[in-house]
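Shared between the two complexes below is chain A, which pairs with chain B and chain C, respectively.
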Partner chain A sequence: MTQQVLNAIFIGSIYALFAVGYTLVFGVLDVLNLAHSAVFMLGAVVTYSLVALHGMPFLPAAVIAILVCGLLGLLIEFVALRPLRRRNAPPISALISTIGLALIFVAIVEQATSGSLFSWLWQDGANSVRFPTGTVPNPTFHVAGLTIEGTKLGILVISVVLMLVLGYVMRFTQVGRALRAVAENRRAATLLGINVDRIFASTLFVSSALGGLAGLLFGLALSDISPYIGRDQVELKGLAVIVLGGMGSIPGAVLGGYLLGLIEVFAFVRFGSNIEAGVAFAALFLVLVLRPQGLFGARLRERL
Partner chain B sequence: MDFFIQLFTDPVGFYNQHELLIAQIGINAILAISIFVTFYSGQLTLANAGFMAIGAYTTVIMSLYLPTPLPVDMLVGALLAAAIGFLVGLPVLRLRGVFLAIATIGFVEALRLGVILNLPITGEGQGLKNPSADPLGGIVPILISVPILTYLVWRLTHTRLGQAWAAIREDELAASSNGINVPAYKMVAFVISALVAGYAGALETHINFFVDPTEYSVTRTIQILTFAVVGGTTNVIGPIVGAVFLTALPEIVRQFAAYRDVVNGIILILVIIFRPQGIVGRGGLAIIAPRWWTRWRTRERAAAAH
Partner chain C sequence: MRTVARGIAIALAVALAACGGASSTGTNSSNSYQGKTIQLGAILSITGAGGVYGPSSQKGMDLAVEKINGSGGVNGAKISLDTKDDASDKAQSAQVAQTLIQQGQLLALLGPTLSNSAVAVHPLAESFKIPILAVSTTGIHIVPDCNYPKTDPCKYVFRDSLGEETAIPTNIKVYSEAKHPKTGVLMVANDDKFSSDGGKIVQNTVGSYGIQLLDTVQFSKTTADFATPVTKAVQKKPDVIFITSLGGIPAKIMIEARKQGFTGQFLGGNGFNTAVVSKQAGDAGKGAESGSAWYINNTFASNAGFVQAYRAKYSADPDQFAAQGYAAILILADAAKRANLTFSDTPGDRTKLRDAMESVNIDTPLGRFQFTSNHDVKQTIWVIQMDGNGGFTLVKSVTPS
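Up next is the complex of A and B:
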């Protein structure tokens, strides 16, 4: 049982890291960025292709992949979000245009067969791939009867540190204050001389870089990599996480991530693997209906 | 190009050759009608795939275990979808905008992963073989249903009910202060949408030999949503045009068939940015002037004033 809880914490870290980026964009831009899961997938795929197909050492490959994901975030902002803002379109339009981008991102990896433009991205003809063993050292510890893999522990440490850093930036730095001001009231922030467009672009960059990092950690330690890991594993669960924590709240997303990890593991232990998959959505549905501000949100409008 | 040449020169041959495609277009058109109804009343609900699943599974299970004739099975399937739509709508329709969309996504996935994959009667994710499948005969009811449903919904949008929906869509507060019972009208739209989606699901089992739970995921709903967005939702013809266009597109441009999702994604983005009213719908392209353009224009004007 303790081992299961430990696993819940590892998977919960991924959920939290993914959902923090999701919720950051929702909090600041009021937009649900459904391309976030595709960026998550690309984080894993780009790292994989650099390491396994192009023989790069892991660390530089990971850094490049995270930067690529950040740039994809800028692409999302410039292609799918900014033109709509210029037109004052309703937030639903942005949801749909990001779906369009997600379709494109997934299809690019899906169709990256030999001879195509993106063949460098994917092993030819593979349905799913794995990092070659020994990509990162993976010592196994045995503590008090528990088995702890080094990479999973790494995930936990990296995510917690990053989330603390993000929390610090949001709370105590000038950029964080500007971000919160924009989230609170866009117009007032503009009047105070904050460059709102730049804030939006940097939000998308940071959010997508975090999403990409979550993806590569997920691919490294927890799962095979396929073009569909974003869509199948985290897109909708990420929604459940940010709903649990209260839409737009970063601490809520972190707590929600770990909570979902725990809920899933308990459902798995109690009812078996079939029920596990549906639990996240039952929780999402119930929370939205009974407590739309999220489990931890005091007020609906309080954010970030 | 051959596609169109054959369509006009040899319609019978075209029909025989593309029967499955035509059936799929018909099903998608009905689904587009289903999402149109909720869109028209100003709600973004994404539960259609779930209601399809209810309609489809009910029909197949009834024809497996009960001696009732097929039309009865299909009717029961659609009605059950509507009934469950009512029950789901009671709590969910209090939500708005993105929250409503997310809650309905939650419903679809909870139904598929939590219920359908776990009940012995639905085959526990293995799917069900349909004993009454008839791919060739099944196309006729589809082709009959599309124009009838289109007409009915088109008529509906011109009744008091439809006017109330439009009023709610434009301004909910104003509608309710004018004495429109907003929750009731929203519920009617949601239930009708569920009924039509359930009917589409029941029809679809008729042309497939197999009911596959993976067909009824959120991916399917998103596909239905793209029909409505690309076609436009100002009237019922829009989503149908969207469904026909997007379903036939991979057949028309065969060389891009592999890149179907890329093409779909690009179309979706272009439409939502430059033509928010959809392909069908009044008005021209929405022109978004980039910032350097407006800046340049004001500078020009200032220079001219001097």
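Up next is the complex of A and C:
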């Protein structure tokens, strides 16, 4: 059972890291960015591409991939969100346009084989691949019957540190205050001299960079990089996490991530996989009935 | 000038067709299909979960079509193959099949890639009386009972892909006779027909070889982190972990199990049999055994020629799915050659083709190929193991009884 708790904490930190990016955009822009899962996937794919196809060492590859994902965030903002906002389109339109972008991103990767247009990015079509062995040293410790992997431990530390940093930035810095002001009231923020468009763009950049990071860590630790890792494995769970934690709340997303990881693993061990998802979503339902605003959404007006 | 050139071309084509006929397996048809086209349709999963397999099938089929058309066609007729992607989705697969059938000209269909989709597509083909040859579906109730739970045989449904019902028990038998394992744990994806069928076959087989199944760990094919189900399996300390699942999942389970200190054997089915899975599993997969319909290093002519042509065309190694796709076109071409097709009465031609398919007996990359009376595969089974470097080595070949 102890091993299973470790498993839960680990998968929980991936969920949390993914969901933080999700919730950040929702908190500031009031739209769900459903291309976030595709950016998550591209974080893994770009890193893999640089390492396996272009022979780059892992660390610089990871940094470049994170930046690329940040830039994709800007692409999302400029292509899928800003033009609609200019026309005062309802949030549902933005939701649909981000789904469209997600489909395009996934299709680019799944259609890429050697000899095709995007073969510099990906050559394995719909297949799942993993980093070449030895890309990142992965010492595995066996302590008291428990298996602890170096990479997973590293990911846990990275996730926690990043989430603390983000929390600090939101709470105590000028940028964070500006973000929260925009989240609170767009018009008032504009009147106070905050450049709202720039805040939106930087939110998308940071959120997508985080999503990309979550994706590459996922690919590294779970030996699974494919066009579908975002869509099949974290998209719906990420949504569940931010609803559980309270839409737009960063501490909520973090706590929700770990909570969902624990509930899932517990349900799997106790009841088996047939109702694993059922138990997780029943817990979600229960939270929504008891606290419709989510765990951390106490004061809906004051988000982030 | 032009007519002369055309005359020469026709003469050449006829000569080539005659050569093809003479070297065929005995049945020499006098009927010439000169100038006609044999239209086939394939429903494959090029994208989605089955995207691991579909593109291989497609490449194998394209290669065979190219080879046959390049050497005079089928009694002079060209084969044209219309391939459609079903995105690994059951509903979409049925939709695509419907569209292909309604075009009205197709003599036969191939596919679909996944057993899960075959459940929708095969009964459709059966009801339209159009022969359909499955090239990668290995689940149970594919042939002959495509309308399961109704058990009356489907007359128009065939498959050239070795069923898990044959492959898995053969594999377990070969391993048990060599290593005498006592205990096992089954890991099975429960939200996919191919995987859960495989699981049932393992459960029904292990008893006959004195293997006690300590636990069956079920998981979803969309599981992100396999640490949780693997921990559950490894903690039982089995001699063998059976894995019946699709895509990259077997590889992920092997990697995770080795990390958690499992030192026993992995046994599985068709899910193991692609270089992609072997490559992804790497070291962790070394020694993992499965029953396969095809083995790349077989040196008999019909396989060596296929492997060579495939490498030349695609600069990559073929896999089992490419071999089965390639064999499927050979099978349909052989049947068409002997079917005395009219090319004017499509429903009649479809039935003639179906009848001729029943007596196919040809050399393919899979080995000598025939259909059983149930339209299932009758061929040698190659028990293979992963070599730790993305390839396979042969453990044993088992000829059909």
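General remarks:
Rule of thumb we're sticking to: the second predicted complex is superposed on the first by the 281 of 304 C-alpha atoms of A that agree within 3 Å, B and C clash if a C-alpha of one lies under 4 Å from a C-alpha of the other, contacts with A are read in each partner's own complex, and residues count from 1 in each chain.
Quick note on the criterion: a residue touches a chain if its C-beta (ideal position, glycine included) is under 8 Å from a C-beta of that chain, and two chains touch if they have at least 3 such contacts.
Owing to the predicted nature of the structure, the values given are computational and were not obtained by experimental measurement.
Contact with neither chain B nor chain C is seen for A:29 once the two complexes are overlaid on the shared chain.
Contact with chain C, but none with chain B, is seen for A:234 once the two complexes are overlaid on the shared chain.
Contacts of A:91 after superposition on the shared chain: chain B is touched, whereas chain C is not.
Residue contacts after overlaying the shared chain place A:110 against chain B and chain C alike. By the touch criterion defined above, A:68 reaches neither chain B nor chain C.
In the overlay built on the shared chain, the residue A:4 is in contact with chain C alone; chain B does not reach it.
In the superposed model, A:277 lies in contact with both chain B and chain C. With both structures placed on the common chain, the touch criterion links A:254 to neither chain B nor chain C.
Residues 107, 110-111, 274, 277 of chain A lie in contact with chain B in one complex and with chain C in the other. Within the complex, the chain A residues that touch chain B are 32, 79-80, 83-84, 86-87, 89, 91-93, 95-97, 99-104, 106-108, 110-111, 231, 236, 239-240, 243, 247, 274-275, 277-282, 284-285, 288-289, 292. Interface residues of chain C, counted against chain A in their complex, comprise 46-52, 55, 190, 217-220, 222-229, 231-232, 235, 247-248, 251-252, 255-256, 259-261, 276, 279-280, 282-283, 315-316.
Residues of chain A touching chain C in their complex: 3-4, 7-8, 10-11, 14, 107, 110-111, 113-114, 124-130, 133, 140, 142, 147, 149, 218, 222-224, 226, 228-229, 232-234, 237, 264-265, 268-269, 272-274, 276-277.
Those residues of chain B that touch chain A in the complex are listed here as 44, 91-92, 94-95, 97-99, 101-103, 105-110, 112-115, 117-118, 124-125, 218-219, 222, 225-226, 229, 258-262, 264-269, 272-273, 276, 286, 288-290.
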